[in-house]
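Note that the chains are named A, B, C and D in the order they appear, and that numbering of residues resets to 1 at the start of each chain.
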């Protein structure tokens, strides 16, 4: 393959090439990184992707608009709710639909729960990559509670299919709000517990501070979004910049880092979990009444046109670009995958570091191959 | 740097703190569910194995159209039946197959079903339908959909043919949805 | 849903119902209509920065799309980034209009300006066998996006440092997101391992897998 | 000791068999306890299906590993590939010949010592033999013809070499206090002193144990087999019996490090405060406790701490590991050596 040849070392050099993945415990799926190593130091890295390519965008073109929603669940499979939210938001935008306030609040709750769930997976796997085993299980215990809430709301735990164009398919079940509140109330204590394990830990600090540094300017240049961008100190969040689903009614902070290293991104994500809890508390406190579904035609036929709509997914800006030709199926439905674009900066971030740092950086980018390969 | 800061940078107190956390977890209640003996309780809306009722089905093909991956295959024909002394044309199902091995349990078929109570529903709580041979064992014809041959029903659930009704716990799949114009 | 609406030069006609207005979710949805946007602030800005750049400008659902000349896209992109401050290329993709006479593909650039948080869409029309100047020199992020467009649509980007397939493999025959690419896929076995699978062998799309 | 055949052949042979079996069983059950304790720390239950509450799990694992297909990579260096596990497991088992598990006792009129032999250079023997094990790791890593294995082997070599130094230096402080290289004498010296050596040698004790963790390639120093970086490090390509040997050696080495720590710093088979509380230990309520129980108990504490570390800490990066070894532990242990030497001179010179 020409991929390999382009990275072949010179015949008389001490450098070696190594294919890191696609079957490797720490590449979060089927990522393959072609590494050129000088000892353990990375001279060059080249991500090779596409092992999980399923042609999702092609499949979208044959589905009805509501029929695409289950497919979006499978993009970033750790954050199905925000994927749903981005898709239905895009279609609602092209349709000119306004979502009822109760539906918007339910969406925000699902999205924030999903953000917490996604960040807990990230923390568990990131810590596991760096060698700490136990946080993986502690975080998954919390995630299971969130998945229980999802299951109760929409009947699935992972691939939620939880939103529809125009609103929400279901009303909340009796007692869901109480159970959600119970979860939200105990969750900050758990985050504090995880932080006791890691934040001050000298080994954790050694492994993350100054690793995978990316400056604010080059983060923008590389199109990073989400925690990797905020870790570099850019205060930018789609929820604040283009508030959707009435995010402007909630009071929350955007945490930012200072140095753009792995430790800062870690702190940013930990703080994001707390901020999500804050949003959830506000949602639960002032959950509006009313319908959960707007008046939309049964067959959704948007007018001819094109629209881009994005949400702040747990991994970064997740956007959908809908091109409609007036039919019941999208003419083109393009995903702007946050992970795909964040991963692109990997070579920049790991050049000159050690193999162990590559793991830390892959972990800190929080990639999900389902979204990268689509 | 203060004395305590200096001391903390030499003596790894924070590592001891971490050990304390894991040490405490040693005595906490375990989260494991011993699966075959203890079965996790699905929630009421849990999308599990299909329930299907031939009597209720009006062969409208709405579910097949709603299915994003086209795994519902329906064939029907018209028959003359006598209802209240009048002759009426009625659609009769010849074939109602679901290729469960490809199903992603999105529940859109259930949502599309116009009959009340539903003719197809996924709220059966049953999730034990694993098989060693996917092409045959996970292909459900309308007979198998009702007899559930090869599916272990969740405790308390009986196969559709024996009269298990959809609980309709969601208040109908499209509860709260405005009537389409 | 007017979140990503730009502070528009042409005031959006928001229908304000008179007394006792129904909430918007109980009304029929107000379908957005495309509107000429040559007088839109963003478009005028662009026209001032680059002479004769704008071929067509449309505003739809609050988003401004400017069609520009294919040959000049790298130049216009650089002007947008350096003069107008669109430092962040959010998205780059393409749309296949199979039988359109003025060029089969639209390549779409979606840019963001941090200063006042506005977005602008550039669009070029490309024929099936013409090249588009690459914007990787302007925004580094365009690298993989252009590779993806090349992979999925077969649009060539002139000056791209490493224009390879990205999601499919080297030697894949076809461009999946073109409208004439069959949905059920193609026989690809032979292309991957020509020495293992004879031409026409290998995994066959729609086969039984036995 | 009338019959020389009994004294020189039968008794050692029986001891060898007993110790070997005990060590192998201990290593196997170490893996069980490790899985169980880790699971409990991680709010899981751990293995509980084979036998009552999972107690036969190690046996099942052993049988599985023994009957598993033994894969040799096509382009591996066959002989060396075979030699690797042998070179690892043999020294790990040989070391047990000098570890005193308890004082000599009478059995059927014979004086039986619960150790194979008391060499007067016991501690040197242990340090020497146990460092042979690193060859097995390097050679195994190299012979697998796998870059990850190779890197694992190299990491292991550098790590073992650097941590042997502070470990040796911290052992020397004990030798200064005990005036002997024989492990039995060291324990007896602690009895005479009336205090376990970890109190005067607290720094040496800490360094010894941390270096011991590093020597056995355990978390947070498990870089040679760092799963997330090197897949499985030097034993990536090993399977079946050969993998079992590496596995056995790792756990046997843990037991070795723990038992040496017990002997050197925690008074071996002595009960706590052997002189001060002598009356208590001799009282009929407690006199039944055999000395070896104390030994096993102390060892178990160390082994538990090993597992506890594994359950808690992230992993060092390789250069940080080297920094820690060369820039922290070696200088500190040198200073500590001088300090303890001076202390011994001052107190002993009185």
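Following the convention adopted for this analysis, a contact is a pair of C-beta atoms (placed from the backbone, for glycine too) under 8 Å apart; a residue touches a chain by one contact, two chains touch by 3 or more.
Source: prediction; values computed, not measured.
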item: Busiest interface, counted in C-beta pairs; value: A-C
item: Taking each chain's C-alpha mean as its centre, the one farthest from chain B; value: D
item: Centre-of-Cα separation between chain D and chain B, whole angstrom; value: 53
item: Distance between chain centroids, defined by C-alpha means - chain B, chain C (Å); value: 38
item: Cα-centroid distance, chain A relative to chain D, in whole angstrom; value: 45
item: Averaged-CA centre spacing for the pair chain B and chain A, given as whole angstrom; value: 26
item: Shared interface positions of chain C, touching two or more other chains; value: 26, 28
item: Multi-partner residues of chain D (at least 2 other chains); value: 41-44, 311-313
item: For chain B, residues that touch 2 or more chains besides their own; value: 15, 18, 21-22, 25, 31, 178, 181
item: In the complex with chain D, residue positions of chain A that touch it; value: 16, 18, 24-26, 40, 127-134, 136-138, 141, 197-198, 201, 203-204, 206-207, 354-357, 359
item: List of chain B residues in touch with chain A within their complex; value: 12, 14-15, 17-18, 20-22, 25, 31, 42-47, 66-68, 104-108, 111, 122-123, 169-171, 173-178, 180-181
item: Chain C residues within the chain A interface of the complex; value: 1, 3-4, 23-34, 60-61, 63, 65, 87-91, 93, 95-96, 108, 110, 114, 117, 119, 121, 139-141, 143-145, 148, 152, 164-170, 176-177, 181, 183, 185
item: Chain B residues within the chain D interface of the complex; value: 15, 18-19, 21-23, 25-26, 28-32, 34
item: Residues of chain A touching chain B in the complex; value: 63-64, 66-71, 73-74, 134, 137-138, 141, 144, 148, 151-156, 159, 161, 167-171, 173, 193, 196-198, 200-203, 291-298
